[in-house]
Structure formats: C-alpha cells, structure tokens
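Okay, here's the structure, questions in a sec.
The first chain written gets the first letter, and so on, giving A, B, C and D; residue counts start at 1 in each chain.
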Amino acid sequence: MERKSINFGYAIVQDRQIDFDANKHEICRAVAVAEPTLNLCISCGTCAATCSAGLFTDFSLRKVILLLKRGETEGLLKEVSKCMLCGKCQLVCPRNVSTRNLVIQISKALINGKP
Amino acid sequence: MRLEGKRLIWQDYQKEIADDHYFYARSCIRQTFFPGAEAIFMRILKEELGKDIHDEQHHTSCTGIGYHSDVVPFDTTMTVVARQFALMTEAGYENYAASCVTSFGLYTEILDTWNHFPETEAKIREYLFKATGREFNKPRNLAHASDIVYKLRHQIAAKAKYKLVDKKTGNPLKVVEHIGCHYSKMFPHKGIGGAEYPYVLSGMIEAWGGEVIDYPERRHCCGFGFRQYIVQANRGFSLSCSKKKFDSMEPYEPDMIITNCPGCPMFLDRWQYALSEMEGKTYGKNKQGIPVFTYEEVAGMIMGYDPWEIGLQVHQVPAEPLLDKIGIPYDPLQKFTGKQGQYLGIPESPSYLKFYADQQNTEVIK
Amino acid sequence: MAKHVVVIGAGPAGLETSAKLSKMGLRVTLVEKEETSGGHLKNWHTLFPGNMPGLKALESIKEGLDENVKIQTNTQVTALEAVNDYFTVSGHNGWQEKADAVVLATGFKLFDARRKEEYGYGIYENVITSSDLETLLAKGNLFSNHKNPARIGFVHCVGSRDEKVNNLHCSKLCCITAVKQAVEVKQLFPETEVFCFYMDLRMFGRHYEELYKEAQEKYNIQFIRGRLSESTEDKEGNIIVKVEDTLLGKPLRIKTDFLVLMTGMEPAAGTKSLTAMLGLKDVSDKFIRPLDEVLQPNFTDMPGVFVAGTCSGPKSVSETLADARSAALAVEAFLKE
Amino acid sequence: MTFDLFVIPFFGGLLFMIIVLFLKYSRWIAMMDASDRVKAGMAFFSASLPVTIREIFWESLLHRRMFKKNPLLGFMHMSFALGWLLLILMGNLESRIYSGGHINPPYYPIFLKFFIHDKRVLPFEIFTLPGFFRFTMDLLLLFVLSGLGLALFKRARSKWFGLKRTTRHNSFDKWAIISLWLIFPLRLLAESFTAGIYQGGGFLTNSLGHIFAAFLPLKYLVYPSWWAYSSMLGIFFITLPWSRFMHIPTEIVLIFLRNAGIEQGKYPGSFSQIELRACPRCGVCIDVCQMNEAGLTGSSAVYLIRSLREKQAGVFLHSNCMMCGRCLEACPVGIDTLGLRVGARGVDNRQIEADFTYLAKQPVPATKADVVYFAGCMGHLTPGVKNAMIKIFERAGIDFNFLDEDGSICCGRPLKLAGMQTAASKLITENTKAILGTKAKILVTSCPICYKIFNTDYNLNGMQVMHHSVYIDTLVKEGKIVLEPAAFRAVYHDPCELGRGSGIYEQPRNVLKQIAEVADVAQDRENSLCCGGSIGDLAMSAVQRNIIRDGALSILCESNPDMLVTACPLCKKTLDTGNGLIVKDIAEIVADRMTVSIKQTVSRSLAGQMSV
C-alpha cells in the first residue's frame, strides 16, 4: 500500500553547492566548438561593468560564462535573454572574447540542449 | 587510502587521559535520547574495569545549547562551568570526564581562554564566589567520555563476548564512525587523532574487530547544529545535512554508525525515519536502515549486555538485523515491555522503514 | 695566494656563484650536505620558459666550474665562526676550512604537503605534489597504472600564502609551474580534463601570461578561483575536491582522478640553522633577509657573509642564476677592499 | 517543309523550361503577402511600369552597371543578352517575311536556314532590301560570338575584366555554361555548312561555308550539325531553372517587383526567393568583399545566395560578414545582399528570445529642449566624442537633453543585424517611448549605427533625426559655431552605416574642410572600406578583424595624413591602433577648433551691458 508522504513542516534544503559531476557539460562543449574564444575568458568582469543591460538589471556575462562552464545551466537562458547585443563588451574585453557571438551561441546551445 | 599516512597523523594528535578517578558530568539530552548510554559507561567502568567514577547529582547543564544558540552570554557560561569545577573540587576529584561533546568543547574553550586571559579566570572566580560562595581548582585532566573508552578499548575487548564481526562469514563489520563537531574541530590537539582524521572511535572499532569506513562526507556535520534544529523553519537544513552524509556513505554498504556526541546519533537515527516518510528513501539493505549507536551502546553490546537493558529499543532504526548478524541473542517479546515487565504498546509502524515487531509477537505480549 | 671563499650549498646558486668566483681568480670550496651537487634542479623535469630539461640546465651551469673550485660533498656544515678577519667553517665529519668570505646558498625546501592534513597527501593514493609530478614526468611513467585519467586537478598555493602553516609569503613559481605542468599533462593525455584551483594567478614573468592563455586556448585547461578547503577520497579512490567558486560565490564539489598539490618554497633546514648560527636578522618567513633587499640583495648584516639564490626568498632558476652572479660580484668587491 | 525531328531537343527543352518557370513563379506569387500581391498587380497599371521597362532595357539588356564596373565585362554581358534577343527578334521578322506572314512554330525562325536553304532566290532578298537579312543575321551572330570570345578569354584573364576572383560554380552551372558556349558556335557551323552547300548565307556563313566545303564532306555533316545546335539549346533550357542562368528571366521579375515597391520582409519570403534567383553569380561582390583579406573567402554574398538557393546555408556563410554594404553597392542586379543575410541569420536565430522587461520604466528628462542628444552605447566608450558634443551644444547655445547620459538602451540595430527582429523591435519600442517623451524636435546621435536604425525602423512622429556630423554642418552653416582653420592634413573615413548605409558623405567633409586640408582617399564614399570593427559580423576573430583594419588603414594612410577623421565611435576605436596616427571624431576636431563668432560676441556684449 502506497502511503502519502508526511509533511513535517520543513523540507529538504536545496544545496547551494555546484555539483560539477552531476551537472551536464554538453552545452558548454557545444558553445566552445561554436565560439572557441569562450575558453579565453579570465573572469575579469570588464564586460559586466560596461554592459548596457547591466545598467538596468542584474546581468553579468562573466557570471553567465562561469555558470555555463560549471554546467549550472538552469535559468541561464532567461539570463542571456537580457543581452541587447550592443557589443560594448566585445570592445572592452581584454582577451578578445567574441562576446556577441558567444551570447548567441549560448542561447542556441541552451535551446538545442532542451529535451 | 593509506593507513600508514593516517597513523603518522594520529601520532601527532595524542593526549593525556587520566587512568582512574573520574568526575563524571552527564549530558543534558543523552539520557532522554539514548538513556542506556551513560548507564553502560558507568557500569563498564565500575563493574567490568574497577574504575572509580563519581556520578555527580548536583551539576547542571553547561549551557552549551544556549551558548551556541546565542542566548547565553559567555560570562554566564563560564561561571556555570566554574560551578561544575567547584563541584568536582568539592568531591575531591581532579579528572573531569564529560559525557557531552559540546560540553567537552566548551570546557576546552573555557580553559584555553583562561590560559590566555588569566584576568578572565580571576573575574569568573570572583563571579562564582559572589554568587555561590564556591571556589574551585581547574581539572588536572579533562577528557571526553569517549577518550576514556578509547583508552580502555583493549581492556574492554579483552572482556567482550562478541566482536564486530559477521557471525556467518567471519568478515569484520563495516562501521561508519561519526565524531561530534565540538570534539576536535575547534581544538584539534585536544581530540584523539585530530580534526581531519579523528581516531577516537576508529580506535575502538579496530580494537573491537570492525572495519572503519572512510567516505567522502565523513567530516560533514550531522546537521544537529543547535540553531538549525531548534528553529522549526531551519529543520530542513538539519535534515539535508544528514541526507548528504547518508548518500555519501551508502555505496560503502555500512553495517552500522557509531557516534560520540549527544545530537549526532539522535539525528542520524531519527532523520532516517523522517527522510523515508518524506521521500520514501531508505538506506541499508532490505529497507532496514543503517542502525546508529553510541560508542557506549556498542561497548555494552559486545560485552553481551541485554539489548533491551541498554536501551536499543528506543532506536528508530531497529538494531535487530545487526544483533542477528553479530549473533547477539535478544528476546523480541521483551522489546516493548517496561522495567516492571508491563506492556508499553507498539508504536505505529513506519511507511517505508522496516519495522521489527510482528503482529503475532505483540499479541503474545498482550 | 688567492683569497678563499666557502660557498655553502651546491644547488644552482652555489654552483653558479662558485663558477663565477673562480673566473674572478678566487679559490672556492663548495660544501654540499648531499652526495651530489645540483639541489632540487637535478630532480626537475623541465623549466619554463623554453622547457629546458632540469638536468641539461644543470650541466650547463656545471660547465663553468674549473680546478679552482673544490667540491666537498656529504658534508653538513655544523659550525661557522667569524675569527678576526676570516671565518672557520666546520662540517659534521670533521672537515674544516678557513675562508675570507662565506656565501650562503643553502636554498629552499619544498613545503611538506602532509602539513595540510585536510588535503590528504600521504593518505589518499591519488594526491601527489608538484614535485612528485615532475619526477613522474622525468621518469616518463606518469599515471602509468591509470591509462587515461578523466580529470586532474592542480591546487595552487599549498603551503604558500597560508598563515595556518605559518607561511604568509608567496612562493611565486607555483602558479606558472601549475600551468606548465597542466599543459604537459594535457599533451600526454589530450582527453583528460584539467582544472587549476587558484587564489590569484601570479603570471609575473616574461611569457607567463602567454602560456596561461595558451593553456586556456589550446589545451582547454579550466581555471577555478577558489582555494581547496578539503579533499576526500571516494570508494573508487577518486579525490573529491571542495572549493568555493569565489567568482560565482558558490561552493563547488568536483571529482578528480588525481590531485596535484603545488607545494611552495620554505627556507631549507640549512638556511634556518645558519641564520641562527650567525645570528643574522630574522624575518617572519625565515628566509634570510639581505642587508638591503633593493640595493644590496647579496650582502647580509655580517660583513663577509653573502647570500645567493633562494635562501633569501623564492626565485626561479633564471633569477637564482642572476642572483648568484650578483653575489659573486659582491664577494669580489668585498675582498678587494 | 516546316518540321524535322532535330527540332525536338530545342522545342522540348523550351516547353519544359516554360512550364518550370511558370510553376516556380506561380508558387512565389502565391507565397507573397496579400498586400505585396496587390502592389504587384497595381504595378501593371501604374507609373512604375515605364520605369521598370526602362530599367530592364538598361540593366538586363545593355548591362549599364556592368559597363560602369568594367567596359569589357559590360560588353561581354551585353553581347549575349542584346545580341541573342536581336537574333531572336530579327529571326522572327525574317521568318515572317519568308513564310509569307503567317504564324510559324517557335522553332521555325531559330532553324530558318535549315528550312529555307537558299535565300538568294527569294524575292525579298533580291528586290526589297538586297542581302539585308543575310547580312544582319550574320552580323548579330558575330556580335554574340564576340561576347563568347570574351567569356572564354575571361577564364584566362579575369583581371582584365576587373575581377580578381571569379565565382566557383556548381554542376548545373557547368552544364548550362557549356551548352550556352556551344550554342552559337554550333549555330555558326550549322549555318556555315548549309551555306557551304546552298550558298544562302551572309558574309560570315557563306565565306566559312566556302572554306569548309573545300576540305569537309559537308553533305554528311550538315544534318548532324543542326541536331547538335538544337540539342545544345535543349540542354541549356532544361538546366536553366537550376543554374545561375535563371537570373535571365528572374532579374526582369525582380526589377518589376522592386519598382512595384515590394521589399524584403523581416524573414525570408518569396521576394527573397526571387532575389536569390536573380543573382547571375557574376562574382562582382567577391572582389569588393574585405572578408577575403582575412582569409574568409567563402562567405561572400554570391556564395551565401547560392547556398540559400540550394538550401545549404550554414552558420559560417551568414555570420561571417561585416554588413558593410560594399557588395550591395557593387551588385549589378541590385540584390539586397544585406537583407538576404539578415534574413538567413533570422532563420538561424529564430528560436532565441530576448527579455527586456527590466527596461519597463525609463525616466523622462526634466528639462524641455528642442534637441535631444543620444550618444549611443559605443558613444559611451569614446567619452571624447560625447564631451565634444556637449561642448559644441553649449558653444552654439543650444538647449538640449542628454537622453542617455547615464547609459544607453541599445538602439536595436545590432540585434536587427543578427536577424533578431523581434528582439530589436522591443528595444525600438522602449527607446521610442523615451525619445518621444522628451518632446524634442531634433534627435542628434553620435553613433551611425543608431542613426541608421532611427531612420529605418523608428516611428518618431516626424522628429528630425540627425547624425552629429550633419548637425554640426547645420550649426556651421547657420553661423552658430565658427571654425578656425588649422595647418594639418586630414583624411576622412566614411563609416559604413553613415555612408553607404545612410548616404551621408558630404556633410562631415564640408565641416572638416573648414578646419583642415582634406586629402583624397583612393577608396572613399560609396567605395570606402570597412574599418573592421563592425558589429555586423558575429563570427570573425580579433586577429581577422585586425587584418581588415590594417588593410583599410593602409588605404586611408596612403597620402600620409596628419590625422584620420571619422564620424563613428566604433570606427574611431577600431582605427586607433596606437601606432602614432591621430584618430579623431569629427565632433572632437570641431570642439577643438571652435572660435567665438561675431554674432556671439555681439550678443554676449549686449547681454553684458544689459546686466550692467
């Protein structure tokens, strides 16, 4: 007989920890193939500092790249959708990351990666 | 895993433990959670090993729960602890043995504070004297009760009837040891084996024939963490901590968990029930859970004490499969009878965790 | 008769100082506690930049030695005394020499990774140090019983920048060494994922940043900013690494087949004992403090006693050699007076 | 005799082609938006029809734009198009006359000499215009053959035709071109062989027939030669709809539709399908494309168009382009190469959604002013330009609102160029609200990218949009600022979006000329080079961008100028390589060289007196 689960008034807390091994990394790999300069990011944050969208909302390409690299892709599509593609980040990036294409490729990979 | 590497570290973390004449300070909560544990400790020390141990009637809580929950100021805590020391001094003892890991940590912290700040010690002596008229000597030796059992582990093994070995196969049982955070994480040099690879329980397991399991989340807290548990809204965090440990130890198929802290066995035991009811998830073979014991209970078990006399019936995860495995006899009919042999009633059976009280037996008792 | 200089320690610094002193027409005795000269360099696979093998570099350095340099191996210096205008240097085996000047080239020792207990070196099979890795690379049998490691982690700053082990200083070479070794591993095992866990990447030297970029671009080596808190071993012997990904502000857990600890530099035992013996000024990191770190990096508080190489602080081989030559010039200037 | 079996390849091929063309065009017309179909229908009765006919005559027949590009290339195309058409027309006329005016089957004029061997005996040739058709038809054939000769020669010496690179062709193209090249030589042979036997040809066929007769058994060769001629025509017609020669009929349709006011939609539709087929793959766009310099030779417009037509376009093809518009400027057919590319990108990126809900509330400027200034995203990375504009406004005494003083909402042009039209329109809506909120009369922007899209996609209720170079030119003309000349020589770089994109070439030059000596640049105005910094490209690496930038710089600096002046923050940033060349925006030069005008002096002194 199946019994209903008991509600004790509390629930298991979602771990904040990034579980790298449990995360999927195919999306990051696909992006790295489509835009290899992904690998050149040094997380300096210049992109986020100059970002037109970042002026109005909490958006950081640096963070998006890191989350992608760690396989933390949940909610990432919504995050990249904030980008206006204006290209300021590309102009200031000290490592010549092709940031605009990166945004497009991340979006595409996330969309294609959906089950 | 290289054992010799650990042994090198264990050599660095040894401490002096008094040989006899202990002033015993009980834990606030252990007597309710695992009522047999402290009794077994006294019994083994007194009856089996002939040690002198003073069971003080008038000591109070050390205030550890309140202190760690930020509701009792440190000065108050120190003064209360000073009173415990005064009781020890008055009873004519020098070796303080704490049953509770948090108390042990707190005593260590206070003694270390007084060592670095003598003026604080002087101030506390003054407080205590003003409040109670008592004076005290600091303990010559401070130990946690598990330190003492560790020290006497070979003597206990020599007198034991059973070993932590599978009766059928002769293989050592796989044992997870869990050390209370306050035992050595604050003062690594005050714990046997230090903070990273504590040896206090491992030493007992080795001496009693078991095999120690070292799993990735071994160092993780059980989840008790006073504040987490006391506030109901935070209880989920407490549960999640235990779950993290169970998930990590599960692949090693442990036969049992041994702990040395008041809170840990409580939570590692009861949360297995909560998890099973909330998520349907059970650990251990055949949905029987992983039984959790205090080191005193384990000592009592191998000494051949009656499982129901040492309180194993109050465990949520039933001990019976393990008792069967070791070959310790028990009377299933006696599990739910009181001290005078009266029938206490059978608790409702859990939905997922296996329950070892069949209808037939209970009918007989009634 | 030419003046006599005793150089203590026959690593790259001692060898180079001796060679240069000899070229200047001085008599040199080079004392070494070990059986052979070469110091740490003889065990080091390759150097960056240029990937010159350690042994080859050592050979080139040794080529500078001539008959004016007497090498006294297997001798631990136990006493060093200033007597009037000369020094007497004595070894544990009864060896004794008079010297007009003494050069301390006692070097460094690698941090004992066991001291970071929580990292599990010596306990977990698959936790090794950068020096172990270099030896394995030199022998050519890296991970020989583990054909294709899926993932390897490099932990920066082990024993450096860590007051918990009483080392506030930066050993400065571990960063580039980690990147160099990561690349070397990747060249041998292209399918292996390589991660570097760092606090800061201190790419201070020429071509260092370039190698870092190459490591990212060509070898896809991942850099995670976060200091290792603890490692544990799982059932299969993999090392579970726990760091905070400080750039994301989230704790991170990752499984690696091997974990390489980038052990830092500490003053060698000889450096410490000679500092005490001579009563030289002490600094918190226990490296010898020169008379003036900017202007007189090879002089010490005691006239006639000089320092060369890493006994006065972490240095790369090229910096060590430059410092050794500088020390030789300082000695010559002193003896001319 | 009016029929022979050999006409079947030709006639069958012709019928086949007509049916295929009919089906294809009908499908595209059916796919069109209803409004576009109405426009197309109306065009038959509107004033655009004569324009269309004139354009068809000039471009499809005479190939005027080709002549402009290179006379040899123009002649080659004209000889084929005009020559062949005249051959058909003249042949028809000839056949009418010879057959007594009744309607002939379509193959009849084509193979007239087979059916009527000896024209000398016919009354028209003898009495009306002696030898007229014999001569004319031979002359026209020679005209076409001269084009063929040039086409063959072009294979070996394309540079003589102004083409450094020529298009690589597919197999349909190869079949079609081989058959096309063989049609006219075979016609010449067939007619010459016939003339060699019957003496009925003109100056060319008769003479050749005479020579051939001397050493060839013409009576055995003549019939196979007509078969061969007919077969080549058949092959050509059958392959035409799938080869590049589809452009011949489609260009006419395109000219008609374009003049009817039909444009590329946001996403590729039937107009795009027609444009794709109107491309003759002449390869003019390959040479002008700067991507070649960076080694990206495969993504020129012609290849994109071919791949789109073959439904094989990949990311590489559409993303590797700076959208500088040089191909658009050069295309002899006037195909909207940029629109097609944006369309292709749009298809590729169609699933990507943008979410700009965070832009919900924008503050409206407090002060009322007639002028609103918009620096643009890039403008914020060149604070010198921004500050120069503020200085200019202040000196000219213009009351203005700085709309994006604290940072811009992107204008939407970059998204549009990436094909993300829906996303772009969200930004356009937000910016429109903000701009209109200022209630200004003039919108001045420093960024040509913004300027372009303000003009093309914003509905600003009649607010005038000005690029700052144009605005400065107006201020100078109105005497609101006075410029002081300086002794230096400058070159001016036309930003793509401002020049080719928006047709602004002269205003910045006018301003610059008042300050400095302006040296000529070999490739300027419509032919100006892209700086390489373009936001139009999505895939190029920094190294490739630098190659393009250096190429542009070498042309710009041929005259060794003291200063390079441009009017785009992005161009400025890109072209400034730190190699010693001073690179400035026109606004910065103006701000540096402003002096106080007499008018201002007077008004200020008056104001001073009044205050006393």
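Observations on the structure shown:
Everything below uses one rule, namely that a contact is a pair of C-beta atoms (placed from the backbone, for glycine too) under 8 Å apart; a residue touches a chain by one contact, two chains touch by 3 or more.
It should be emphasised that the depicted structure is a prediction, and the values quoted were computed from it without experimental measurement.
Centrality by Cα centroid goes to chain A.
Note on interfaces A-C and A-D: more C-beta pairs are in contact across A-D. Chain A and chain D have Cα centroids lying 40 Å from one another. With centres set at the average Cα position, the gap from chain B to chain D is 85 Å. Between the Cα centres of chain B and chain C there is a gap of 47 Å. The complete set of chain-chain contacts reads A-B, A-C, A-D, B-C. Considering their complex, residues 16-21, 32, 36, 39-40, 42-43, 62-63, 66-67, 69-70, 72, 95 of chain A touch chain C. Chain contact summary for the complex, chain C toward chain A: residues 213, 216-217, 220, 222-223, 225, 245, 247-248, 250-255. Note for the complex: chain B touches chain C at residues 1-2, 5-6, 8-9, 194-197, 214-219, 251-252.
In the complex of the two chains, the chain A residues touching chain B come out as 3, 5-13, 15.
Residues of chain C that touch chain B in their complex: 114, 117-118, 120-125, 230, 232-235, 237, 240.
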